[in-house]
């Protein structure tokens, strides 16, 4: 909105524009809208689970199943991926010193698939869970909801692949000739890694979706045992895509941390090389661990060991990122503005999520935790704790760039405290709940175990606090974008000196820190 | 360069911890897979939304399974319609019930009492209620 | 395009722009919400085709073949093969479910619901020959050796034995019977004692009413009608006369979903007699729901009234419905 535009343009012109800043902005706004929609669903779920017993808030278990399915699908495919694509679209061409993305029209097409896919998912409101395991999704999940979900996912997957192709070509082929690849900012590196991973992983899921659709129609029997198929085949195809996919969700957030932490520490990044290496390692090793989602399906011992090793091998790379951040902050003159707070909070939660994950991948321990609230806590620590924190921090950072105004630092601090407290309270509690044995995806839980009720109530209160923080976030975004103080576009965060937005670089070599 | 050394040390510590976790898990999993020869086979069938059991001598039970303390039991886990997961949390018995496939798990209860059985893989409408009961009695014979 | 000189005027967001954006987003959400809620029952309404195929005995009725004077027997058969393709069978590769033996009387109508659950091609036939792929009794075939059933294909055949003796249901593809796809049908003389036929009769005009409720124990382990096992009124017997117009007041006093029907065989909950079904496993009674069903009790015999949701009759929702 602010960047390089000579005059305010009509809204419809922005909507149908192909310029990377406009498409990036559209992606970001759409993803935030879906974030809040899915967040409302999450609040409904947690409030319902406050009391054991049926009908507390949600009238029947079918509705409950549909709500958590849509919550998961939306948060992952309609918030996490599009938000990263949005910020990527906005910043990456600038970071590689090019005028736009490599294929601007394709970019716009890829964006417009997101609302369409989202509409299909939300109108159908299927109850298959976001993983849609066979055979339930084939012989029992009612239509047309499940079929709409399949089509929606298909469209979103294609959108993802198209935007990934765009990123790859932009970064590798369109970057300025004087800028060597290894000096391209790490956020662009994260988008490159993520795009390459998407291009390899996503088509597998696209194939699985087509197979699921034909199975549902009864014309094929890929995953339907009555027709000679194997449900485990679906699990393999699904998790082959979706284990790398969780790294695809994560890496842009880490890349955003690389943008913000050196700047707000007012100190150069500890090691660009380590960052590049760690991204590439995660990108490759991420493909070696999908079976850890399937430890209980009856795999043989050797296979389980191989997947355990594959999962553990990716941990040092994540550790390198954490080390990089901490070493950058060490000895810096840190300015703890809102973006920095969220990024640092994100690192702390990332570390704890990773530690919990190591427990999951230890094969026998997985039998205690798989399918319980431990997994819910673990994955939400990653998703909310790292990815949402990173995205919110980035949103604050890019706020002056989008709107030309400053948000309220006071309210952002309040949001940070509530969000941190809320995240810890909900998701750490859910780890304990899982160890106590409570299964996930349950509409109701028995009252035989008083600890379950108490833990659920603690978690729900934490969720309300987290929800309150997002209400503040929404209010901030809406109010201060039009009523906020005008930002000093040279140095909105008063960092001083050389630390500025990428577009202010005078020469291709200047990355700004 | 000097400032890199700390990073090498950090990564080395992380890798050391992970190797420990990996080797320990490998050890324990190997123990878990080692089914005793005298384990009695119990057929478990999961279907929407209850468990049924069949003992080696043909006795059938629905929802409640009666076993004897001190004996080893091997479960053959079947599913009739969609994926379920047979789980006795107190004894960490946990394997998926997949239609078209048999999975195995074993355990040997060394305490009497009543322990819950639950389904841990989403299977639709009454997944949250797909419960059963394991009753371990003193072996009289 | 230049990457910004900040000497140029910086255009900052105004409330009007923000308002326009919010209007678009919220407008889309409202339209979507209206679409969704106005057709709320539609989005989640029908089973996928694969699910419908899966439901055994989903094919009911069909043209009557010949004069069936005895009872109707429904038999569900599936062609299956072992993974190494060395063993073929119906229903199971080993154990007591393999190639189930059917016992019937002369004049009974045996309806075969046949599914090809294997990966290969098969054809169904009933024959009285002890060897070989035929000849098939007319009207009892589904597919032929030349035009077989493909994997996943379903079909129905009806067999009304005219004489007592030993018959066989087989796969008519040459060689398959020898590899194991053969089961026996023992037909004995019709007994004169009233067998439970399930046939319909004209109403006599006599009306009777009963009240039933589905109950479950709080731990969800015991299912019953009216009262739990061990308590008075548990699974009450219902006695009516043939031709009575029976009205059942049904209430779902449990926390789960149920549906009602009178059947001959509680292990075959899809074959509900005389339109006595209230709701169905696909469209069940919700907790607290109540309703009525009225039907005419048919031929004399001992039937069962059950919850027709698969498995519930086995768990206890099965009691006697005696027609005199």
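Which chain is which? They are A, B and C, in the order written, and residues in each are numbered from 1.
Criterion: a contact is a pair of C-beta atoms (placed from the backbone, for glycine too) under 8 Å apart; a residue touches a chain by one contact, two chains touch by 3 or more.
Just so you know, these numbers come straight off a predicted model, no measurement behind them.
Chain centres here are C-alpha means, and the one lying farthest from chain C is A.
Set side by side, the interfaces A-C and B-C show unequal numbers of C-beta pairs in contact, with more at A-C. In whole angstrom, the spacing between the mean C-alpha positions of chain B and chain C is 32. A separation of 43 Å divides the Cα centre of chain A from that of chain C. Chain contacts: chain B has residues 48, 81, 125-126, 129, 131 touching two or more partner chains. Chain A has residues 62, 127, 139-140, 226 in contact with two or more other chains.
In chain C, the residues touching two or more other chains are 54, 255.
By the touch criterion given at the top, residues 1-4, 6, 8, 10-15, 17-18, 20-22, 24-25, 28-29, 32, 35-36, 42-54, 115, 117-119, 151-152, 255, 286-287 of chain C touch chain A in their complex. Of all residues in chain A, those touching chain B in their complex are 61-62, 65, 127, 129, 133-136, 139-140, 225-226, 229-232, 270-271, 274, 296-298, 301, 304-305, 308-309, 312, 315-316, 319-320, 323-324, 327, 358, 361-365, 367-368, 370-372, 437, 439-446, 448. Those residues of chain B that touch chain C in the complex are listed here as 47-50, 52, 62-64, 81, 125-126, 129, 131-133. Interface of chain C with chain B (complex): residues 54, 219-221, 255-257, 310-311, 314-315. Interface residues of chain B, counted against chain A in their complex, comprise 3-4, 6-7, 10-11, 14-15, 18, 21-22, 24-26, 28-30, 32-33, 48, 81-83, 85, 87, 89-90, 92, 94-96, 98-104, 116, 118-129, 131.
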